[in-house]
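For clarity, chains are labelled A, B, C and D in written order, and residue numbers in each chain start from 1.
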Amino acid sequence: MNSQIFHPFVLPFVLGMAFVLTYCVVGLLRVIGQLPKDDRKKFWRSLVTPKTAWANVRDLVGDCLFHVKIWKRNPVLGYMHTAIAFGWFMIIVIGHVMLFTLKPLEGIELQGVERTLPNFYYPIFFKYFAEETLIFAILMDFFLLMIISGILIAVVKKIHSKIVGVKRIMHFGFADNLIRFALWTIFPFRLIAEKTNIMAFWWLYSIDLMVFMFMLPFTRYMHIPTEALFILLRHAGLKPREPRKGYALAQIYSCPSCGLCIDACPMSVNDKNSGNTSAYFMKRLRNGDREEAQRIAETCMQCGKCVAVCPVSIESCDIKMSQREAVPYTINSDHSYLGNVEPETKGNAKVLYFAGCMTQLTPKIMRAMKQIMEAAGEKYAFLDKDGGVCCGRPMLLSGKTAEAQAMMAKNTELIKQSGAKRLVLSCPICYKVFKEEYQLEGIEILHHTQYIDELIKRGKLKVDKNDVNYVYHDPCELGRAFGVYDEPREVIENIGHLRKAKSEKELSTCCGGSLGSFILTQQERDEITTNSVNDLIFNNPDEIVTACPLCLKTFARKSPVAVKDIAEVVANQLK
Amino acid sequence: MKENILIIGGGAAGMEAATQLHKMGLNPIIVEKSEALGGHIAQWDRLFPAFHPAKDVVEKMLDQVKGIDVRLNTEVVDIHRDNNSFHAILSNNETIDAKAVILATGFDIFKAERKQEYGYGIYNNVMTSVELEKYFRTGKDERINHPKKIGFVHCVGARDVKVCNTYCSKVCCTTALKQACEIKEVFPDAEVYTFYMDLRMFGPGYEDLYLKTQKDFDVKCVRGRVCEVSEDMDGKLVIKAEDTLFGKPLKMTLDLLVLMCSMEKNKSIDAIQQKLGVGNNSDGFMQNKDMYLGMNDTAQDGVFVAGACTAPKSLPDTIGEARSVATQVYNYLKR
Amino acid sequence: MDFGFCLSPSSHVKMDSVDLTTFNRLKETNPDINTCIACGSCTATCTAGHFTEMSFRRILLMLQRGKEDEAKKMIQHCMLCGKCTLVCPRGINIRKILLDITR
Amino acid sequence: MIIEGKQKIWADYQKDIPDDHYFYVRSCIRQAFWPGSEVTFLDITRNKLGKDFYENPYHTTCGGIAYHSDTIPQETAMTIIARQFALMHESGYENYVCSCITSFGCYTETLETWHEYPELEAKIRQYLWDSCKKEFAKPKYLAHASDLIYKFRFDIAKQMKFPLVNVKTGKPLKVVEHIGCHYSKMFPSKGFGGAEYPHVLVGMVEAWGGEVVDYPERRHCCGFGFRQYFVQANRGYSESNTYKKFESMEPYEPDLIITNCPGCPYFLDRWQYVIAEQTGKTYGKNGYGIPALTYEEVAGLVMGYDPWDLGLQMHQVAIEPLLEKMGIPYDPKKKYQGLNGKDLGQPMCPSCMKSV
C-alpha cells in the first residue's frame, strides 16, 4: 500500500478535470445567456414548479443513468449504455463514499490544503493511495467489470453492428475515434493498475482520463454533461429559435451521435442518404458546417420519426426548421391578391369542409366526404370547392414564417365568415397548421378520420362490414404529430378487417411524398415509397388505407395493392 | 418454285426483302442504280435512339444478301407486263423476266437550297443533316471549325406548304436530337439549340433520348421555327425565330446552322412507275392500296411497294415492311 | 424636338446578350431544370395561379430569356403549396427551384 | 458568303420582258418627293438609249395608297387599274411599266387575282364600262421601271462617266441595296432574283462598279407601312424599323443606299434626320447621314447628270460627301436654285446631322 498523499501521475487527471469543469460552467452560462428573456424566465420558473421539478428528477435518473428509452428500443444497447454510464457513475459515487469512510493513514497527518487536496483525485486513484474495505473492493470491481462488459459490446457494435441489431452506425472523424479509444481503454488500464500496481498503468490511466476530458467538449461525449441541462430546458417547454444558439445549442451538444435515428430515418433506405439523417445534421451544426447543415435541413421530410426514436428526445425537426428560417430570402412575397378572394359559402352550415390543395388533386376524397356528410345528414359547406387558398404550412415548412401569415389570415377570415363551428380537414398537412398556428377560437378543428369516427360512434353514419383486409398507414402529420392512431383504426374495424403493418403508429414510415423536403429527387422519393409500401403490405393486406391525400397519391405510384383514403373506403360501405 | 422477283432499289427495304424472298426459295434480283448496296443508311454514322453504329446494321444486311442476284450501277429503263409476268429492260441491255416487281426505291433528301431564307449554299456555315452525318463519319467538314453556338432547324422541307410538302417527315425530330447530342460530344463547350415546331418522339426509347438531350447534353430545345437567316460581318449567322412558348421573337448569332432536311419521294423512278401503273398519293409518294392491310400492295397485281417510297419511314419501319412484302409476294405467287 | 412619337423598343429577345447567371446557377443544383417540356400542368394546377398570372413554366422561360426581374415578380405570388411538383410529368422538383431562385 | 449560291438563285429568277415599247405610268409619291427620278428615267430610256416609252397624260393614281390604308375596297382599286390598262390599250401599247412599287404590287396582285378568278375580271370589266365607258386589255408584259434599268444596266455602264468607285482610294463604293417589299415579296417570281436575294438592284450596283453590302437586316422593311405612317401616334413603329436597319448596316460603313420603291428612299432618308434629332446618332462619317437614292438617281449620277438636275437637293441627307467620293463636280451655289436660277429657299439646318 502506498502511504503517500500525492504522486505526479494524478496531475494529468487533475488538469483534465479542471479544464472540463471550467468549460462546462462557461458553456452553461453561455446557453442560459443566449436564451430569449421570456424563455429564461420560463426556465427558472420550471425549476421550482413541482410538476416539472419531479419530471426533471425522473428523467435525469431514467434517461441519463439508465437510458430507459434505449432499453425500450434495443435491450442490448440499453445494457451497453447503462453498463458504461451507470457503472462509471457508480464507481465515482463509491469512490467518494469511500473517501468519507477513509481513516487517516498511519503516520500521516493531513492538515489544511493537504486535507482537502486528495479529495479531488483520491476517489479516482483510490487504490493507489488508500486501502479499501472488502465490501467496497467487491463493489468497485463489480462495477468496473460491468463497465468493461459494456465496452466489449461497444467494440462488437463497432466491428459488426448487425449482431446488436443495428444496421447503420455513424462514421466518425479522427477526434471522435481517438476519444472513443481513450474511453474504451480507461477502465481496462485502471483494472490492470489496481491489480498489478505497475506505475506505467497508473500513468496510462490518468493520461487516458486527461485525453478524454480535454477532448470531451469537442466531441460527441459532450452529451454526458449537456444532457442534464437539456432535460431541464426541455421540461421548461422551450422551442429552438435559432439553429445554433441557446436551447438549440444545448440540444446540439446533447446529441450523443448514437445513430439510432439513422436506421429510423426513411431516407436511409438509400445508403447514400444516411448522411442526411438527424445524427449527421446535429454533428454538422456542432462543427459549424452551416452549408451542409442547411442542405440536410432542406432534404429532411420532417416526418418526425427521428424524434420519436431519439433516446435523448432531441427535437431535431424543430432545429431544422429554425435552420431553414435562418436563410435570408431575396424576394418579398406579395399575396395582396388574396384580398380579392370571395368566400364560396356564406350561410348557416354547421360543418365547414376544407379540402386543401393536395385534396384538390385527389377529387375522390372530396366526393367521398360529400357522400359521408350527406349520409350523416350534416349541415355542411365547402370552403374550397373550386380551389382555395393554401393553408400556409408549405410556406412555413420553407422557413418563411412571415410570408405564411397572409394565407393564414385570409383562411381565418373565410372560415369565420362561414359561421360554422366545426372545421373538417382531409389533409393532415393542413390539419397540423390549423391546430398549431391558426387562431380559430370557438371552432373545433377535426381531421376527417376523427370526424368519421365520431359520426359512426354517434350512430349518424351506418356502415356495412365487408371481408376486405386493410392495413392502415399513419400519416406523419396526423399520427406522430397529434397521436391520432386509434380513430382511423376503429373506423376501419367497423368496415373490414385491420391487419398490422411491419412498423406503425409512432414508427410508421413516411410515404416519401412529404412537402417537408425540398431537395429529394423523384427517384429518391420513389425508393422511400417502395420501402414504406413494403412495410405496409408485410401482412398481405388487400388494400392500403391512408388518411392523407399526399400519401394516397404517393403510394398509388408504387403500390402493388389498391390504395384508398379512409373516407373513400367508408363511403363505399355506407348503408 | 424458283421464280424471279425484280426488286428495284438496293437500300434497306430492297436488301431485306431480297433476303426474305431468298430464304423462301424464290429468286430475287436487286437492281440498284448506284455503285453499292445500302442506300441512304450506308451514308449514316449512327442510328437513333441508342447511337448504334449504322455500319453494323448495313454489314449484317450485306452479309445476308450474299449469293443473291444483284445488278449494281444499273437502272430499269423499260418495263412492261405480259399477263402474269413482267419484262424489264435494264440500262446494261439485259432483259429480266420476273413474276413480281417490288418497288423499294426509297426517298430523296429535300434540296435545302429550296428554302432560300435559310441560305443553304449561300452562307458559309449552313449545312444539312446529311452533311453533318458525313462529318460524324469522316470527321471532316470545313464548315465545322470549333463552333461555339450551333442551331438545328427542324422540318426543313416538311410540314410546309411553301415548298409543297405538307407531310411530316417522321424521323428528323429524333435525328436532330441525336445529332445535337453527338455534336455536343465533339464540342462539349458549345451551346446547342434546336428549333422545333413539334417534337415527335414516336418510338421506343425516343422520349428517353429527348430527356437525355435536355438533361445530360444540355441541348436547348426552342419551340419555334427559324424564319430568317443572314450573315453578319464576321461570317456568323444571325437567325430569327419566335420562342412560341414564351411568346417573343428571338434573335441570336450562331456559328453553325444544321438544316434537318425532310424526305421526299425519289422521283428518278417516276417513268417506270408510270409504266407499271402505280400512282402517287397526295404527298407525292407512291400510292399503296391502303395504309392498314394493303400497305405493300399497289393498284396493280404483282407490283408491290416497300419502305420509304410510300412515305417517310424509319429504319425499323422499313425493315418491317420489307419483311411483310416478302410474305405478300410469296402468297401472291402461290395463289 | 418633339415629333409626337418616338422609337419603340425592339420586342426581340437578344439571345447573344442574355444574362444566364441565375439560370446556370440553378442548373448546377437542379439539373432537372432543363427537362421542362412546357406542358403547362404546373400552371394549370397552381393555387396562386387561380388568382394571378403565376406560371412556373413561364418563369423558367423568363430566366432563359433575360427577364429575371419579371420572373422574380411572378414568384412573389407563389404559395409554395407544391401542387406543381406533384403534377409535373418530368418529375421536376419545382418547389426547390422556386426557392432557389429567391436566394 | 458563297456567291455561286446567289448566282444560282439569280439565274432561277429571271423574267422575260421586252426591252422596248412601253406604256409608262408614274408614281404619286415619287413625283412629289423625287421629281428628278422619273424625268431621268424617261430621259435615259428615250434619249440616251433610244427606246419608246409612252406616257399618257390622262393616267391617274393606281389607288394603291387608298387600298393599302383600307379606305377603298379591292374592287374599286381594280377598276382604277382597269382604266389604266384601258388607256394603254387605247394608246396602242401592250407592255406596261410603272414607276411605283406599290403600283407594281397592285397590278401584279390584280392580274393574278383575275387569273385565278376570271369572274372577278368580268365584273371589273362591267364596272369600268359602267363608270367610264372604256374597255381594257390586259398588258402582255408588266414591268417595274427598275426592271428596265436592270435590263439596260450594261448599256448604261457603256455610257458611264462616274463609276461607283471612290476616286481617292480607287475602291468600289459600298452600297446597300433595298428593294420595296411589294416588288417581289408577294410574288417572288415577278422580281429579278426573287424575294430572298433580289438581284434587280444588286445587278445595277455591280454593273456600275459598286460593291453590294449584305447585312443581317437586309430583308427588313424600311418601315413605311401605310397604316403605320399615316397615323402620327404609330410613326414610332415606322421609325423603329428604319432604325433597326441602320443599326444593322452601320458596321459595314456603307457609302450609299439604292432603292427602287417610292417610300423606301423617303423613309430611309427622312428618318435618319428624326433619329439624329431624337438620339443624336448619325450613320455616315463625320456627322453626315448615308444618302438613300433611287436607282434613277444613281443611274443619272454615274452617267454624268448634274446632281441638282437629278433633284438630289430634295434629300434630307446631304449628298455632297458622296459626290466628292465619286469625283462628281457640282456647284454648291446651285443646290437650292430651281430652273431659271430661281431661289427655292433653303431648309432649316437640323441640330445634329450635317446638311451641307
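Heads up, the rule we're going with is that a residue touches a chain if its C-beta (ideal position, glycine included) is under 8 Å from a C-beta of that chain, and two chains touch if they have at least 3 such contacts.
Since the structure is predicted, the reported quantities are computational estimates derived from the model, not experimental observations.
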Contact steps required, at the very least, to link chain A with chain D come to 2
Average the C-alpha coordinates of each chain, average all protein C-alpha coordinates together, and give the chain whose average is closest to the overall one.
C
Which chain's mean C-alpha position is the greatest distance from chain D's?
A
Tally the contacting C-beta pairs at the A-C interface and at the C-D interface, and name the larger one.
A-C
What is the distance in Å between the mean C-alpha positions of chain B and chain C?
39
For chain C and chain D, let me know how many angstrom lie between their CA-based centres, rounded off.
47
Length of the line joining the C-alpha centres of chain A and chain B, rounded to whole Å:
64
For chain C, residues contacting two or more additional chains
32
Counting only residues that touch at least 2 other chains, which ones in chain A make the list?
none
Listing every touching pair of chains gives A-C, B-C, B-D, C-D
Applying the document's contact rule, which stretches of chain C touch chain B when the two form their complex?
11-16, 27, 31-32, 34-35, 37-38, 57-58, 61-62, 64-65, 90
For the complex, give me every residue of chain A touching chain C.
298, 327-335, 337-338, 340-341, 357-358, 360-361, 387-390, 392, 394-395, 397-398, 400, 407, 513, 515, 518-523, 550, 553
Of chain C, residues touching chain A in the complex:
32, 45, 47-48, 50-52, 72, 75-83, 86-87, 91, 93, 95-96, 99, 101-103
Going by the contact rule set out above, which residues of chain D touch chain C in the complex?
232-237, 239-240, 243-244, 274-275, 277-279, 351
Looking at the complex, which residues from chain D come into contact with chain B?
1-2, 4-6, 8-9, 194-197, 214-219, 251-252
